[in-house]
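Following this message is one structure expressed as structure tokens.
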Amino acid sequence: MTTVADILKFVETLAPRAMKMDWDNVGLLCGSRKTPVTKVLVALDPFEHVCQEAAAWGAELIVTHHPMIFRPLPNVTDETSIGRGIMTLIRSNISAINAHTNLDQAPGGVNDELAKRLALVNVQVLNPCGTTENGESWGLLRAGEVPEQPLDAFLNRVNTLLHCEGLRYENGGNPVRKVCVGGGSCADGMPEAIAAGCDTFVTADVKYNQFWDAHDLGLNLIDAGHFYTENPIVPILAEKIAAAFPEVEVKVSESHRDCMKFY
Amino acid sequence: MTTVADILKFVETLAPRAMKMDWDNVGLLCGSRKTPVTKVLVALDPFEHVCQEAAAWGAELIVTHHPMIFRPLPNVTDETSIGRGIMTLIRSNISAINAHTNLDQAPGGVNDELAKRLALVNVQVLNPCGTTENGESWGLLRAGEVPEQPLDAFLNRVNTLLHCEGLRYENGGNPVRKVCVGGGSCADGMPEAIAAGCDTFVTADVKYNQFWDAHDLGLNLIDAGHFYTENPIVPILAEKIAAAFPEVEVKVSESHRDCMKFY
Amino acid sequence: MTTVADILKFVETLAPRAMKMDWDNVGLLCGSRKTPVTKVLVALDPFEHVCQEAAAWGAELIVTHHPMIFRPLPNVTDETSIGRGIMTLIRSNISAINAHTNLDQAPGGVNDELAKRLALVNVQVLNPCGTTENGESWGLLRAGEVPEQPLDAFLNRVNTLLHCEGLRYENGGNPVRKVCVGGGSCADGMPEAIAAGCDTFVTADVKYNQFWDAHDLGLNLIDAGHFYTENPIVPILAEKIAAAFPEVEVKVSESHRDCMKFY
Amino acid sequence: MTTVADILKFVETLAPRAMKMDWDNVGLLCGSRKTPVTKVLVALDPFEHVCQEAAAWGAELIVTHHPMIFRPLPNVTDETSIGRGIMTLIRSNISAINAHTNLDQAPGGVNDELAKRLALVNVQVLNPCGTTENGESWGLLRAGEVPEQPLDAFLNRVNTLLHCEGLRYENGGNPVRKVCVGGGSCADGMPEAIAAGCDTFVTADVKYNQFWDAHDLGLNLIDAGHFYTENPIVPILAEKIAAAFPEVEVKVSESHRDCMKFY
Amino acid sequence: MTTVADILKFVETLAPRAMKMDWDNVGLLCGSRKTPVTKVLVALDPFEHVCQEAAAWGAELIVTHHPMIFRPLPNVTDETSIGRGIMTLIRSNISAINAHTNLDQAPGGVNDELAKRLALVNVQVLNPCGTTENGESWGLLRAGEVPEQPLDAFLNRVNTLLHCEGLRYENGGNPVRKVCVGGGSCADGMPEAIAAGCDTFVTADVKYNQFWDAHDLGLNLIDAGHFYTENPIVPILAEKIAAAFPEVEVKVSESHRDCMKFY
Amino acid sequence: MTTVADILKFVETLAPRAMKMDWDNVGLLCGSRKTPVTKVLVALDPFEHVCQEAAAWGAELIVTHHPMIFRPLPNVTDETSIGRGIMTLIRSNISAINAHTNLDQAPGGVNDELAKRLALVNVQVLNPCGTTENGESWGLLRAGEVPEQPLDAFLNRVNTLLHCEGLRYENGGNPVRKVCVGGGSCADGMPEAIAAGCDTFVTADVKYNQFWDAHDLGLNLIDAGHFYTENPIVPILAEKIAAAFPEVEVKVSESHRDCMKFY
């Protein structure tokens, strides 16, 4: 029978542990490797409502990108949302596994999928950290090309293709031709993007000073949202698990949407 | 004749150095205390275009909230925007002074002005750091009340009153009655806001996880933009300097707008 | 109805949080303050078998000296005994509270009880850390007197009174008259004991070098076991909780014995 | 004539400096490399009474496992036992050399001798740190096999073979077949022992929590005493020095016994 | 009979331990508090030749300003001059005590004596660290006045009064009227000297950049030598000990001169 | 036309950036790579008066050994000499480049030139850090030979050849035959010098304890001044730049002398 261990092993084939950053926490963070699995819920985050959805649906496993526990926990109580999430999982005998920076950096992971969604071509890994056995480079950021277009056209494209409800951006003054992408909080990588000849950077969680740094660099900087830049990997991950384990029911979370709205 | 020293002394009456945070850099950061001053340009930031505007206008002094130099500089060259800004100032014999966290925390400073703009009443300093000689509390955050209203009505109010071009927010599920404000990046203060009984927090530079933390806390969290939450102090500061030095021409920067846009 | 919060509040009357050491983790470490409580299991440690005993007995709360979580946890899985313990508690809806160094240091706590069991007289706190509202000193170690006796007689007394199965000791060369006690790993306090005029020190977890340090100091050093020097507080704590909450059933763990044996 | 330098050079052939741990202090710690040597006293520790024995016997050199100075000394006075030991040596013109973690880790060193005394067979270095020129692995722990036997039988064997006066142990619930050994304070190596398939671990200075960790791991953990697990190397070392320097009188300390006793 | 303890106690009346800097090592650093003393050698440094002089003269105690051990020692061997010095002392049963930064900072200590030698008047402690029971300020630097004179005249005066064989200096461009003094390496105190209105600073171990800093500050900076600025306290200390212990023979080292020469 | 970039590129051929120490700051520290250059002022230090000389002469570039900014700057004002220097440069459109530890370590750099000036033969790099493409070793110190001579003769030679106004030295007790040189503050390298068989060390900024360390080591230690040991590279550097850029006027600073004098 398929167990948590089997699915974890498969996920770590897609996103090997060795590709994670030093400070990261990935793998089995709650539950038991031995639990037999018939239903898997896949989501970007293991937030409390996702844990509740998994329990309501009868899943034995949640697979997420962000870790259930990031800063080690001094307690597990109903006074924090992490504590409530863990208590929900344990009471329903649900395990939680994740692939975080290993999935960001892996070939075919978060950032390759983001590049693909944005229809970039000639996509390359910026400053690769290593090479897989198959000779594929891996690393954090990706750069690729689009037909030259005004920024406005590209903003429209990003908004539509990522299903965003809005964007924040800074106009670096150039048309869009070569685009660097980094899902989540990757704006620190702007100098790498410039060095690679990019005119545009798509990422999220951009701060005031970073928009101005982009302005000074003449780089178009687009904050497309942490959720919207990383969530594209979720259905892909679900499909891959479903394909590998046909006897298991795999579903993308229906309750998990970004809680941030634009006005 | 009025000098840079005179105006700096006056600004530090409004925002005493003793109110700054340990890590901050405030006061005279470029030029000379002895320079006679006839024209002062006031702006939120000493960005390169602000320095150019000052030079074009013939100012001898710029007064800003953010510091000209935040991380100490290893060089002053035309390869960084800070270097170019400093070179512009020095070539035009312009000095630069600033009041940063001391102005955030001072009575009548950034956050009192933000509270005032939002028409909060019964405004109080959260967790005061001290008391002035006049018996006024000072500290970072402010909390005050508004007539009870749906979040949507309050969002409209914030957008209008701060002249924002858009907002990002998370709906904590409660109507708005007691509001905490912190211009710039103050979302770390959410637990303080909750402890003070606030249902709503207005700040900026909010990250994905912070929106979810607010969600878990049942707090309405509004990102009104770093520029829009801090800029209200700029005309006030200009007016106060103009009133104190009638012989000096004081102007708010005309070129300085937020470079971040919404799509 | 009596809740976890009520009992925690009572325990922190006996051993105020303010008496804990900086690095310690005490209070509610698992479960919920709101859980109604009818049965409380009290034990020195929240080890896995204690959690199982609590679950089997139908307790809603365990009260221990050592914390459920000491080093913050990166995961909660069945691959560690702490993870298994927490999972057992959560599945049976049992909360866990503890008082650790606050109970060591409190008047009437671990070390006062140890002194009492050994029938020390004129007991005093060594190097007090503070004074309670009632004017009682508090701090880590206690020193008191016994009728002068050979070390061998005192060893027999310790072994009998603490129900040890054996002792390890070093003979400092003096008869026993003034004794310092510190339950658990307190041998670092030897210089304090010497400074207070003690000839004998009772503690636990003593290392090779520490026995030789005692030898050099001419101090009798007795390792009576971590369990045996701290466990005396357990029935006292159980009695106090039972007296304060007559409607609640309170029991000392029956399964928890020291796993260390002598050969 | 044989000098301190000659004997040090020989000892560091047996236990090369390159095998010591980074934090360790080994080699000539007191006296002079040039001193001619006719009598060598060998002991586990350079404690004060060992220094006195060396002086009384007329030795010019003591060779020990533990270093004369571990934490660098702020003074050399008669107010500490280390100070008194050094003063005794210097006044009698005695040098002190030692091999500590280099001797623990060397082939034929502390842990190989401990394995040999316990009659382990198929002994291997756990997680070797390197390989000598002769192709021998070196590292801290050793694992080897014994004929399968109940824990009680093995306890008897350890007690007898190491001449202990008692043991402390925890019963992991398994018979003894594969044993890991680490003289001194090596219980941190339990995960390594488990990973190597050991059911039993012999070491010393075991703390309360470590006995419980062993319990949770199902590992028999035996604290045979720091002295008794490391002292077996002492006569071996004495013999090797005597064989290499037939003109020198070599003696094992007669005064050095463990000061810790069981009751 | 007079012992080391008696003399140490007296020295620490002149220069209380509480006046030492945190990182310093003072008091009894070698030997025994109980040694009876008939001859005391006083010197600035406990260098090897001073230890030899003490042994040759038959002293039982050396009293110095600099400590015998500054960085804690990993060994005591004849391969370092500190080791050789300690071995010389121990073999001749000589103890070593010292008063270092406590003597720099004490009233009547190193820097007061330096000010006195230079005939400064209206001498004050710069930035006092505290006040003695007698109401005297104490701290590191001293400032005092001289009749206004050209720098050249003052250089001559320093050279003569301190018995220097030469000086290194930088001409700050002002005549000498108010002088700051700090024996040894005190040039970091230049801003304090400027703030106190001094035009001249006498200290030692001055580096290239420090001479230029003085140049930029318009401060005359004189490097009169570490030995020559601190040695004046030595005969004073000897006299005070001699006066307090008339039964003891006290002598200033005859062998200790500065090893640095000018060409 | 020749630009700052061209000359920087040339200087970094002589002293590649890869040869600098980690903590150092070298290259373009003020101004612009694009500035056309007709006049270059070369000096050891970019002190304020050197900046003024450059401005008065009409230079567009200063090339120095020491960096314009060593500790990153929190401000650029007329209240510090570095601030005044930078303001002078910027107002006259002068750039500043430097090669510091890269020039110390490079073949043909500061220390090779110092060895050459002192007419050392068989000069070698001590403990080389690497090898250039041409197979030349590079690193900090140099050692070379002189005809055996008394220390006094060598002192005379150093004083004359380096145009010093005086020397400070310690007599190690040996004639001079093999000399280690390190311009600036290199006395920490004494053990390396001894290990290389040197009897004499020429460096600068020597402190009291270092003279005594040399005394204990039997090493002649000569402090020839920071300026005098490093300045020999300045005319060489000027010549090389002049040769490479014949269209540019290159001059060694006329105003820059050591501000330190002997009395």
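For reference, chains read A, B, C, D, E and F in written order, and residue numbers begin at 1 within each chain.
By our rule, a residue touches a chain if its C-beta (ideal position, glycine included) is under 8 Å from a C-beta of that chain, and two chains touch if they have at least 3 such contacts.
Just so you know, these numbers come straight off a predicted model, no measurement behind them.
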What's the overlap between the neighbours of subunit C and those of subunit E?
D
Centroid of subunit A to centroid of subunit C, CA atoms only: how many Å?
47
Gap in Å, rounded to a whole number, between the CA centres of subunit E and subunit B
53
Residue numbers in subunit E touching 2 or more other chains?
none
If you connect every pair of chains that touch, what shape comes out? Choose line, ring, star, complete or other.
ring
State the ordered list of ring chains, commencing at subunit E and continuing via subunit F.
E, F, B, A, C, D
How about subunit B: which of its residues touch subunit A in the complex?
45, 47-48, 80-81, 155-156, 159, 166-171, 184-185, 204-208, 211-212, 215-216, 225-227, 258-263
Using the touch definition up top, name the residues of subunit C that touch subunit A in the complex.
25, 27-34, 68-69, 71-79, 86-87, 90-91, 95
